[in-house]
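Common to both upcoming complexes is chain A, partnered first by chain B, then by chain C.
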Partner chain A sequence: MLELKHVWKSYRVGALGSKRLTAVRDVSIDIAPGEVLSVVGESGSGKTTIGKMVLQLTSVTKGQILLDGEDVTARGHAARKAYYRRVQGVFQDPFSSYNPIFKADRIFETVRESYFADVKRAEWTARVEDVLQGVRLDPGSVLGKYPHQLSGGQLQRMLIARALLLDIKVLVADEIISMLDASTRIDVLNLLGELKERGLGVLFITHDLSLANYISERVVIMRHGAVVESGTTGKVFTDPRHPYSRNLLASVPQLHRKWSDSEAVPEKLEADGDRDLDPAPLTEVDEGHWVAAHP
Partner chain B sequence: MSAEVVLQTEPVGRRNEHLYFALRNPKVAIGLSLVLALLLLGLIGPLFLSDSPNEYVGPKSEAPSGEYWFGTTYFGQDVFTQFVHGLRSSYLVGTLGGGISFVIGLAVGFTAGYRGGLVDEVLNMITNVVLVLPALAVLIVISSYLEVRGVVTQAVIIGIFSWPWVARAVRAQTFTLANRDYVDLARLTGKRSGQIIVREIMPNMASYLLMSMILLFGGAILFAAMLDFIGLGPANAVSLGTMMQQSMAWSSLHLGLWWWFVPPGLAITLIVGALYITNVGLDEVFNPKLREM
Partner chain C sequence: MTLEVADLKVHYRTLKGDVRALDGVSFSLADGEIVGLAGESGCGKTTLGKSLIRLDGRMRHVGGTAVLDGDELPIGDDRAMNARRWKEVSIIPQYSMSALNPTRKIGKMTSELLRARGKSYRVFKDELVSRLELVGLGEKVLDNYPIELSGGMKQRVVMVLSTLLDPSLLIADEVTSALDVTNQKAVAETLVRFRDMGFVKSMIVVTHDLSLVYQIADTIMVMYAGRIVEKAPAETIIKSPKHPYTKALIGALPEVGLEYGDERLQSIPGKPPHLLHPPTGCRFRDRCPLASEECEAEPPVVQVEAGHEVACWKAN
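Showing the complex of A and B:
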């Protein structure tokens, strides 16, 4: 359904855009309906950039992004507006996603203004209450409030509800629970599971392997802007082939172990100087399990 | 119990709260009333007085009296009539000059801050050039080439030179605000850049914009008075600055004609001072930490 084909992104940095920083190198991924695809990697690995390119918030330097076989990059405002009916996003920081001087439910109002101007007020209110209940929120306790009067979990759920008003096919979820406290994280995560059941494709961006394991059937591991390993969650987590993936797995804290008992020594990896090079080629080591060449 | 109280009081808009505190802030109240009182005088005064303030209507160098409230000039012109017309042109210069620089400053600042990249670097360069241009020297050159130097021309010239600091501040704030996720969310709702700037970014800097509008207004009045005083004022109208310039040119100080130069000088000081006080008061309103306990 959603396909990224050999996508590259380089940012202009420095005075007059004199230098370039390659944030994403030759990434190809695809998401099917009813699937959660996790993109995992350390900070700076280009995960957010991928999400922003899918959401057309930043341009694609090279390559294609296809929705149902149709190239969606570099089009005009009207086409983009139509695209957002089908693809939406939720970001990391709930408090930055709301304009602090307006009431939080304004995010629904702007959707109505842009896409459903002819829907009657009463019907619209009913729809909003409907999607709010769909994300387990009590409309009475969140409508008419300012963002600072609501919790991070409530705000993130309202953003998911907003996306559902648009009848989307793909949701980009960029670290959407990393700023929530533990008790609400799992609820929001389970909500993504329900979206999957409804047939949505979810691009789940996280730096936390255990979350990827919990929610998704396929995972893509990134480093320095390139894919180092990808495949079904089961295969990648039980049989990681790339040293970076093994390091990531070893670094997940475990309930039954103290840090002092941990004897794993991280494997040596090349330093961050390879962004200007072409990424190491991927080879299929097992059915649907791809690994980048490594020393 | 307490939850109910929160429900009833909190959703009161912050705008109303600001208006409430603004009207009760003594500095804002005093400053604003002074500015408005003088504006009113400049607006309605000329309706009751002569249309030609430079006419020689009475005895020369007469002290204030019931007939000539502010006395007459060395040539027998009515100072009060001149004063009222001068007020009017000062407010005109302030509104027009301040307005022009406000619009240019906002346009440049928002475009540079929102677009970023090359557009920003070019606009930033232009801003810096205008900022370091010796405005006075340029104005002297321009003024000596312009045939008719009216109040409007003067206001336009002042407007074209005083926008850079607003543009810089707006650019800096837009940079920060444009990186907030709610701006991205507005784009995901199919909003255009213009709408996003006006509806998401601008409301967050409303207090700053209001205050810079006031400062630009006062700055333009002061700048115009200075130009008038050095003889670059409007040739076809009376302003507070040209009154000062005339009175000095005909040595009113030595002749003891204090009524000729005190009113315009006092009015300029009052307007600019009152605007400044208003601004300090507004600062207290918008930054509750500065409010007196």
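Showing the complex of A and C:
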């Protein structure tokens, strides 16, 4: 459904844009309906840039992004507005996603103004209550409140509800639960699971491997802007082939295993080289399990 | 015994009244012990860390004592505490990335800090450089501005600076939350190394991440609504938790290997009580699956076994 084909992104950095930083290098991924695809990587690996490009918040330097086979990059305002009907995003910090001056439910009102201006008030209210129930929120306890009166988990679920009002096909979820408490984050995560059962494609961007493993069918591991390993979650996590993936898995803090008990020393990794060159090519080691060449 | 805290109460002054962020907290810390302090946001864990080093303007010391190495800490007295900060008690703050002065090079900033304490930068320079090397930073970072360092590097610089005067107690407040997994591990292991090398005598690691604190702590304390609900050796608290809140917290953690299809993780319903007027009796009562009538009375602190304390009626 959503497809990225050999996508590159370079940012201009430095004084007057004198330098260039290549953040994403030749990334090709696709998301099917009813699938959660996780993009995992350290800070600076380009995972957020991918989300931004899918949401058209930043331009694509080279390559294509296709939605249902149709190129969606760099189009006019009207086409972009239609695109946002089908693709929406939720971001990391729920407290800064809202304007603290207004009540939190204003986010639904802005959707109505832009997309559903002809829907009657009563019908709209019913629709909002419907989606709120869909994300397991009690409309009575969240409507008419200011952002500071709601918890992070509630705010995050309201943002998902807002996206659902638009009848979307793809949801970009960029670190949506890393700021939430352990006791509430699971609700948001399980909600993503329910959305995928309803046929939504979710691009789940995270640095937490255990979350990626819990929720997604397929995972893409990125480093220095390029894909180093991708495949079904089970395969990548039980049989990581790239040294970087092995290092990542070894550093996840877990409750049944202490770091001090494991003998494994982190493996040596290639340094960040010239980012304008093509990244190491991917080879298929197992069905649907791709690994970048490494020394 | 490095630290002995007894019935510590710290309240926040607000227009509506006092918010009881710490409402009678007692624990002790042995020499060389790393204690992990875990809990949800708003449970008072940061307040506990802060009250042992500096109360900010809104915080008020209402009662209780903290005794460090046999001396009582003058918690409520900002001036008297100042003499002890950095030398006896030190902190790695929650946003240590922004704890560095952006207008000074690291070396210059350190020398100013030391001078403010009546110490000479020249005397400490060799020690500083060797400790920086220990965390994988070269001497040249002293000539860098903070903006030239990455997040993980800044974090390590702050860690070295905070422990430069060998404090007996170090409070590490959410030091790993802003870092990604690989850096997280490096930083957490550095904390343990600092303890092993004697740079700090004992440590309180404040975090919301139970699985991380399990990796490094000897003892874990779980806080809920301004009180400590369970304290036990790290292994015990993870393997055989007694308090229903601890059990629920552990039950909500996804582990590598668990998938959405196999087993649905459970969150904890409801939210913590507001500490402006905390409920009487057990504060977890409203969210607790085991709650019954006796929970309306204050739960006793039960010693299940040596070193394992639980504040719950159902602990036995």
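To be clear about the criterion, the second predicted complex is superposed on the first by the 291 of 295 C-alpha atoms of A that agree within 3 Å, B and C clash if a C-alpha of one lies under 4 Å from a C-alpha of the other, contacts with A are read in each partner's own complex, and residues count from 1 in each chain.
The definition used in the following text is that a residue touches a chain if its C-beta (ideal position, glycine included) is under 8 Å from a C-beta of that chain, and two chains touch if they have at least 3 such contacts.
Please read these numbers as outputs of a predicted model, since none were measured by experiment.
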Checklist entry - After lining up the shared chain so the two structures overlap, which partner does A:Glu42 touch, if you call chain B first and chain C second: first, second, both or neither? => result second
Item to check | Partner chain(s) touched by A:Leu249 [first = chain B, second = chain C, both, neither] | outcome: second
Checklist entry - What is the contact status of A:Tyr146 with respect to chain B (first) and chain C (second): first, second, both, or neither? => result first
Next on the checklist: For A:Lys268, using the defined touch cut-off, is the partner it touches chain B, chain C, both, or neither? Pick first, second, both or neither.
Outcome noted: neither
Next on the checklist: With both complexes overlaid on chain A, does A:Gly193 touch chain B (first), chain C (second), both or neither?
Outcome noted: second
Item to check | Contacts of A:Lys120 with chain B and chain C, given as first, second, both or neither | outcome: neither
Checklist entry - In the superposed arrangement, does A:Leu16 touch chain B (first), chain C (second), both or neither? => result first
Checklist entry - Do chain B and chain C land on any of the same chain A residues, and which? => result none
Checklist entry - chain B touches which residues of chain A in the complex? => result 12, 15-17, 52, 55, 57, 77, 80-81, 84, 88-89, 91-93, 96-103, 107, 110-111, 113-115, 144-146, 149, 159
Item to check | chain B residues touching chain A - in the complex, by the definition given at the top | outcome: 10-11, 14, 117-118, 121, 180-182, 184-192, 200, 203-204
Checklist entry - What residues on chain A touch chain C, complex-wise? => result 42-43, 151-152, 181-187, 189-190, 193, 207-211, 213-215, 233-234, 237, 247-249, 251-256, 258-260
Checklist outcome for this item: Interface with chain A, chain C side, in the complex: residues 40-41, 151, 179-185, 188-189, 208-212, 214-215, 238, 248-250, 252-260, 264-268, 271
